[in-house]
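Shared between the two complexes below is chain A, which pairs with chain B and chain C, respectively.
Here is the complex of A and B:
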């Protein structure tokens, strides 16, 4: 009776487990298997190459490392500019400025749009011939600055990063605001009674209370930005040259462009390990901060 | 503070408030402007779109929408997106809530382990998994089919949904279920008639997040779907842009069509979005 009862309970989770096993677990393991083969994805011929794919990425694949550095560059910009902007706005809304609710709705609008739509709108704004940005620069007499923003190697990567930050800051804003609103108001009042200035209150009350939220936002910013893809594909596609190439576009062109499925899996694993290490490192920093306030 | 005169103090406060207000307004304008620009351009003609920089076009060229819908293929893409989003989200809610209910309320060996397994995939990023997924779909003959695009996405939304719903089901008072059981209700009856209706707020959060994710999905559509008749909007936009790169008014009309449902859903359910992010982020 009890056995039958438990068997019935399994039926509740069965559909989820089947999907999960087929579309999550299997691909996960398969990536590791494929990464030690040389395989074009179609033929029945798979050649075992051991760790040669990984070795080649490490030693000879300059483009791969360029793509990693590009992603790191965008991530560093996002970690600083995007998150500082998000924090400033969250602080303003937490203080209850007029229209705070309206701002909240507007700031979170870019994050709900698709990366494709956002990328296509901005491609036009940045366009060298018909772009709005150049139009405005000319209007205020800065003709010398006009350029084809997304196809100029000097500006392409930063321009893409700006799009990404425009799309992303509202999301950090919402999390940070929720964190700020979780801080008990009595703490602020107590600090004020003790005669602390606005800056001191921020430094001594807000920041220590917000450390876990900061860490969370930092980790999610890194994971999200390093895996940037939609915005790249709808603006530059990785160009000019390899100037805006990022890991996901690299993995994709290794797979569909040059049909090196095994090699692409090796790239994916290396990249996954990198992301995991960075997240663990950030959690570690978070811990030390919390122990020594 | 006593060093300031009251008037000085007030002036300073007012100045600060004004600066903050102006700053927020400027950022808000930056958020909205590209969208206004997209909508406004969608009403201009091919001749005026590169010369007329006004935000409100002199003449509204509604015809662009008809042309985008039919000749641009956006009608097909739009209905496809609607279909995929409905099926995937329904699948996630049903399968996810069943599993979440079992994880929260029923006993069976391996319960804890299985739940942890689901959670682990939320934490561990595997950026190469789509390669193996493609190989698998190919083997199963699901490339360029509806199901090849639907099933992986149902699976993709399960982990977070199970997590959110399980937390909710755990908070439901046990007495309710006990009295239902005494009234002769079985587990399936309790799940369907009691737990699921009560979980409406949590299900709303699950729905809104997955609607946004599925409607905006691009990578999988690019890998799996090669037939225009099967493509969702995001994929269709890229195909259109690749083929008619300079037909900005039509492209902008297609983009506006793709954005309208998202904005409507967002404005109607933004309470749940904010709730969901903060619940997921702060507690998770």
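Here is the complex of A and C:
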């Protein structure tokens, strides 16, 4: 190919490369650079501190690790309850229940709503005085269970997790349903001809065929849930105390609340590494499952 | 079109497209960035009036919410693209950082010109919040770096109708802590919730705690604490924390107050679902919008001690700064002077139901707003102090109060945790000072 032709080809991809470099690569590298500085986000002076920010997070920042644990707790709930619910609903729709198309739309509505709006609606449901949840509990004689759900340290984190799962199960539902509909129907028919029960069909046909989809949904759930943020901001703001703090709210409050941009970048890198490790672990597990006879 | 010409045409198109991204500048137009979405129309009207009287056009640009605005201003400071006039949100250390980076003009000469005629009409403390004194801990040169366009203070408001229902005298709200607890108990007996406030926004907890602290130990001891000379485990600080414990134990607080955002707290008070609210003077406009018939009054936060004068949190509501690097600095200062003159301030106060920054504009105020105005002389603000607490310590202190309010920690436990963090921050500061 002539040099001029090559140049022309490169020129065509140049805008995309420029945009990618400016808006993706540069900020990514900048975060690494800032993480080793002490900087307030305004001043033209930055002080090099080496790995001190990382060391401080490891050694002294108990609140950070609390926030990580809180995110892991919500993630574990989402991985189990949210995805099991999504799978059950996807199985029901895959069986061709009456009004299946309507259910698909209904189940997919929560994910497309704004997290802030969802948070505000659920704040009203959870309200200690005039909330719907307490109203229903009183109506069925469970007055002793009523409380201010988002302000009680015993229930705040789980309450936030429930909101997140309600908002998120629709994603899993859509992906799982697509996966189920891709399983060749002949496999089910063959299993039934061989006398397999419903449970055996599910265990021996559906589950093995769905493993790649399960892995995808699990990875998306982990990545999406660990980065939970908008629902927390609109419901508890991380409180009471630090009971609903998650890494993203900590990063934000470090950056804007206490103006420690360098430290916030270090927290961001730590969090990114954590997510990377979890994703690699999940992919490894998925590979093992796929290779299993 | 030949095949060979294509790359050159593409390159020209790209250059034109990128050039189009550049912001169009009007050499004779003043640009002002702000975050006050509720005042957009009022600002626009003022801009029209200014243009009509001086021929100078002013463009107000709104960037909301305030978090997004704050980020925009910081980013603009990095790229030296700040407008002629802008506001700085955040703590005084952020303000200082903008000044030290050469982004904010010192207006001391203008404020003090003509025997201080501009200074004299402005409320003293809100202006002081924009000033830096000799020997300040931020290293900023002495000067006036911003002009308040409105002022605020935070007090208690009470619902007169709920007072009547509980057999309390609406003309005599509780003045002392004991009276406050007693009134709350009577309200509780009638099934009426007591105090509501946006304590999910932790700075509002800090407001009340600082009121208590100043009332109990005075400014000198508070300053000594900031310097690290008095520990947070001191009995006076424990006493401050114990007031919150007492509020919890006596059932004074509305349900869920500990994670409540202030907007929700305002709704509860406006709808008569709580008897007291701790809120800023901006609430007059908010309550008017939510419930124009609300019958309420203003009271000082309950006095907890007679040892020192009672103070309230207050100062500048919104301040505007002039860009030091602006080519229209003189016009920008002239506009700020015009904006804070009596006529414009009266208009702003009437339209937005906020307290004006010009003392002479305190005419025909909404009666509740006038009550808030009476409190301005008692107003204090952390920005008025010569040094500030470490942000992490402030966060730990207010989050600790949340823990007390939910019964998770005792005042003593919180005080110890805060003090431990304070000592660590002092050590870090000491190490930094040695290095530099």
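As a working rule, the second predicted complex is superposed on the first by the 277 of 293 C-alpha atoms of A that agree within 3 Å, B and C clash if a C-alpha of one lies under 4 Å from a C-alpha of the other, contacts with A are read in each partner's own complex, and residues count from 1 in each chain.
Going forward, contacts are C-beta pairs under 8 Å (C-beta built on N, C-alpha and C of every residue); 3 or more make two chains touch, one makes a residue touch a chain.
Because the structure is predicted, anything quoted here is derived from the model rather than measured.
Following the overlay on chain A, a clash is recorded for the pair chain B and chain C. Of the two partner chains placed by the overlay, only chain C lies in contact with A:60; chain B stays clear of it. Using the contact criterion defined above for the overlaid structures, shared-chain residue A:15 touches chain B and also reaches chain C. Residue contacts after overlaying the shared chain place A:204 against neither chain B nor chain C. By the touch criterion stated above, A:236 is placed in contact with chain C alone, chain B being left untouched.
Of the two partners chain B and chain C, it is B that touches the larger number of chain A residues.
Contact with chain C, but none with chain B, is seen for A:150 once the two complexes are overlaid on the shared chain.
In the superposition on chain A, contact of A:213 is made with chain B only, not with chain C. Contact with both chain B and chain C is seen for A:130 once the two complexes are overlaid on the shared chain. Legend: residue contacts after superposition of the two complexes on their common chain; A:94 is shown touching neither chain B nor chain C. Steric collision with chain B, judged by C-alpha atoms after aligning on chain A, is confined to one stretch of chain C among 6-14, 60-68, 132-140 or 294-302, namely 60-68.
Common to the chain B-facing and chain C-facing surfaces of chain A are residues 8, 12, 15, 41, 129-130, 256.
Residues of chain A that touch chain C in their complex: 4, 7-8, 11-12, 14-15, 40-44, 47, 60, 123, 127-130, 148, 150-153, 156, 235-237, 239-242, 253, 256-260. Partner chain A is touched in their complex by these residues of chain C: 4, 6-7, 10-11, 14, 67, 70-71, 74, 77-78, 90-91, 93-94, 97-98, 100-101, 193, 200-202, 254-261, 264, 268, 273, 391-392, 395, 399-400, 402-403, 405-406, 408-409, 424, 432, 436. Looking at the complex, you find that chain B touches chain A at residues 17, 20-21, 23-24, 27-28, 30-32, 34-35, 37-38, 41, 50, 53, 95-96, 98-99, 101-103, 106-109, 114, 117-118, 121, 124-136, 151-152, 154-156, 158, 162, 187, 191, 212, 215-216, 218-219, 222-223, 234, 237-238, 241, 248, 251, 255, 258-259, 262-263, 266-267, 270, 273-274, 277-278, 281-282. Of all residues in chain A, only 6, 8-10, 12-13, 15-17, 19-20, 22-24, 26-28, 30-31, 34-35, 41, 85, 88-89, 92-93, 95, 97-99, 102-110, 112-118, 120-122, 124-125, 129-130, 132, 135, 166, 170-171, 174-175, 178-179, 182, 213, 216, 220, 223, 227, 229-230, 233-234, 247-248, 251, 255-256, 261, 264-265, 267-269, 271-272, 275-276 touch chain B in the complex they form.
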